[in-house]
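Some structures are shown below for you to check.
Okay, so subunit A shows up in both of these, paired with subunit B first and subunit C after.
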Partner chain A sequence: MSNTVSSSDNQNESRLNVLIIDDNEQITKMISSFLDMSNHECTVVNDGKEGVEQIKTHQYDSIVLDLAMPECDGYEILDILAKEDPSQLSKIIILTASNVPLETVRKFKELGISSCLQKPVDIDQLLSKITDLTG
Partner chain B sequence: MTMEEALIENLVLGNDHKESMKKINENLIQYGLTPNQAKVYLFLTKTGEKTASAISKSLNIPRTESYHLLNSLEQKGIIFSIFGKPTKFNSVPINDALTIVIDNEKKRISDLELKKEKILTLWETIPKHVEESENPDGNKFQILQGRNSILVKIERMVKTAEKEMLVLGSDTNFIKFYHTEFVNLLKKTKAELQVLTTFSKKGKFALDGLPLNNIKKLDETNRHNFSFIIKDDSEVVFFINSGSSELMAIWTDSKSFVSTLKSLFKLIWRKSAFVLEKENKFTKNMSEDYDHRLREIEQEKVILDYLQQNLMVKKGGKNE
Partner chain C sequence: MIKIKQALFLIFGITSFIIFYIGFLNYITTQDKNVGLVILISSAIVSIGTFFATFYISNNLTKPIELLARRMNEFSKNNFITKNSLDDKGFSELQTLNKNFEDMARQVGGALEKEKLLNLNLQEMDTRKTEFMSMISHELKTPIMPIMGYLQMLKKEELMGKLNEKQLDAINEISISTKKLQKLIQDVLIAQKIDLGKLSVEKDILDAKVLVENAYKAFHPICENKDVKLVMILKTSDMVYSDLDRISQVFSNLISNALSFIPEKNGVIEIGTLDNSDNVTFFVRDNGIGIAKELQKNIFKKFYQVDTSSKRKKDGSGLGLSICEGIVRTLGGKMWVESKINQGTTIFFDLPKAKIPLENLKQKKNSKNTK
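After this line comes the complex of A and B, so read on.
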């Protein structure tokens, strides 16, 4: 089964440090579990402001970011990073349940954002996006 | 203030409404009434019909002046006299009075427009003694004082722009021109438009309708108190922070001034990020919210399936 293959394969791959920013606690817990099963380290934050603080103070190999969050949303996080630390943008994988207009997806690409995925997304696809970032 | 005036004011208005009355008075002055005309009009509106002498006494205005004021207000069409001895005066209701004053002003402007054509036709018949301009690209400067004179200039610039319009300023500046033709003209301009602005949550409504891919956000370091608008490579209007409430700006076609500000604009433009289309889940309609939630649930299910499969495989592995 493809799911188990990717999981077992990851045992041998290098351990990645992944940050998840999503206000849906259910989803963050579950993503955190499968990343843990895949032998990756995972930090979870459920609000945008805390997410920005984490990015500023820690080094992550990959950042999974939701767009629609109360108070500081994903767009604001992208704005802040574009101004203050654009190198972080290439580590970002947007994972959103929102409808993102094509024009905005183009802008994400211009900013250097790695991927924009709409929920529900296949876990293998998400895992491969995360691991692809480290080359 | 006379005793009677104070009495009437307290009786008619009460202390709570004095402030509102003062504001209405100030606004009527903007409608072209003199302070005393506004005072007389409001007095009649509040107290009902009165003789000239009663008005003069109550408002402490000399008798002769009160006749002048009543006469001018009657000519404007916002008060009327009632036949009788002595003649009494009363006012047109405020809503009608404002409409009348606005209509008069519109009429005056359309008359001026008609006269403009006549003056220009007459002007053409007069032989020229001076060349049009010795220096067409010249270093002309103009100080623009007040919102209206600035507005006329910047609207003209947008209308005649062929190549590009570069606009830099905080959205609090745009709010001053909200509901004017300026923002509408910017939306329609054929020239390439670039707007650098603060795009704050409170003020961005003033830019509603402008394409977001033409707007970049001014970052904190560039939020100085300066604003300017450049048309093509030829004209600039630079806003001056004079400290007074009245808007002031300098217009110039000086090549060196225009190119210096354009270089500054382009530098900030390069360093600034585009305003991303914001999506606020609280303002989305119900159907979008439903779809959003549905996708979240489906995602949860996909992850749950994945976790279950993996746990079963692990368990199976252990049992073997």
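After this line comes the complex of A and C, so read on.
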């Protein structure tokens, strides 16, 4: 018992504020409950436009972004951020089930996005990418 | 180039001139001026008649030929001809020729039009197939993600509490099946990409030795666990120009395959390289059940399984080898098999050697030559 308390205390020190933008509710629910259990703050948005709003109005430590979404997709969000607030780009972790060509991965890197993860992703790997970004 | 019209006028002109000239000579030299005059006038009439006949023949001959030439030109440019009945002039044989050409052009034009349409349809179908595959890939991978995520979470005692042994067993079974499903989805997608010629590769200069060592490192623990001897045989340490990840994928598939066919005791798997002039040949050899000669040609086909023994149940979709072959082909190499029943199977694959240093040498030579 004391063990768990101390571990959560440790994590409390580096409690992160994460935004998840993905139209798939099962995926966002899974990731958010995992981050929640790992003692991180987590905001879920299932719509691209809302995602942009959230990024503009709130401060996040890291943003998990899906690419294929109806209406406003991940690429559009990246476009908007590149024009309006490029500093946010370095916080982004792309999480997609689509096939991202090598060229596009290179473009992401040029924009300052270092992580492009393929679904289904190992959740520990996702968490370590999130903590790496802020650490 | 002489024209028909010119040729006709030349021939008939000379002929009529000669006729008139003979008539004229006859008129001058003859004593009976009356007879001479009659001959002169009739020769003049023949000459004039010939001129008009020439004009008529030339018109009826050349007009339809010119029209045919025009239409042929039009057809070869546009694959169709416009109907113009006003041009139907000339000798009837030539008119028939024109009409027949018109019919033929119309038919060929129609067939070409149909083929064009068919081609367009095929292209559209191809695009749709690609779109469908990328959609399927997305839709199949997405639901795997929460399954894997929750499984991982359930295994973490600190997150979801302690599970009893039966629950852990169940979770492990779900994990294994989900991983198999995931592998199958990946395999189907790669096979599809190979089919469409859209497999992406990122080539680099790689040390053949390191490629084999990587495979050895990855499979050594697994082989040790299963009491299988994994041996490395390196006959060359040349460089290849190829894709590191794809080659690991090939090795991983081939060694996994070998693992499921070796005998239960004293299983040996050898991996390594052979040398030959332009390529580096890699191989994965097992001392397993082997493949009958007549079945060997099938093993690189999609979904093919060599089902020699019903006692031994094999996992897998039958895609592994066909994917390996496709990857090697995409990388510019080839794959083949040598096998004897009950003695074992060796799968070989060639990869092109890195040519950069050689090309550099050539360039140096060339620059010397040009100097």
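Here, the second predicted complex is superposed on the first by the 122 of 135 C-alpha atoms of A that agree within 3 Å, B and C clash if a C-alpha of one lies under 4 Å from a C-alpha of the other, contacts with A are read in each partner's own complex, and residues count from 1 in each chain.
By definition in this document, a residue touches a chain if its C-beta (ideal position, glycine included) is under 8 Å from a C-beta of that chain, and two chains touch if they have at least 3 such contacts.
Since we're looking at a predicted model, the values are computed, not measured.
With subunit A as the common reference, the superposed partners subunit B and subunit C clash. Residue contacts after overlaying the shared chain place A:Q26 against subunit B and subunit C alike. In the superposition on chain A, contact of A:D122 is made with both subunit B and subunit C. Look at A:A68: by the touch rule set out above, it reaches both subunit B and subunit C. Touch criterion met: A:T104 reaches subunit B, while subunit C stays clear of it.
A simple residue count on subunit A separates subunit B from subunit C, and the partner touching more is B. Contacts of A:E50 after superposition: neither subunit B nor subunit C is touched.
Applying the stated contact rule after C-alpha superposition, one finds that A:D85 touches neither subunit B nor subunit C. Of the candidate stretches 97-105, 133-141, 241-249 or 313-321 in subunit C, only 133-141 runs into subunit B once the two complexes are overlaid on chain A.
Residues 4, 7, 24, 26-27, 30-31, 33-34, 37, 68, 97-99, 101, 118-123 of subunit A contact both subunit B in one complex and subunit C in the other. Those residues of subunit A that touch subunit C in the complex are listed here as 4, 7, 24, 26-27, 29-31, 33-34, 37-38, 68, 97-99, 101-102, 118-124.
Within the complex formed with subunit A, the subunit C residues making contact are 134, 137-139, 141-150, 152-153, 158-160, 182, 200, 202. Residues 1, 3-4, 7, 24, 26-27, 30-31, 33-34, 37, 67-68, 70, 73, 75, 78-79, 82-83, 97-101, 103-104, 107, 110-111, 118-123 of subunit A are the ones that touch subunit B when the two sit in their complex. Interface of subunit B with subunit A (complex): residues 213, 217, 219, 273-274, 276-282, 288, 291-293, 295-296, 298-304, 306-307, 309-310, 313.
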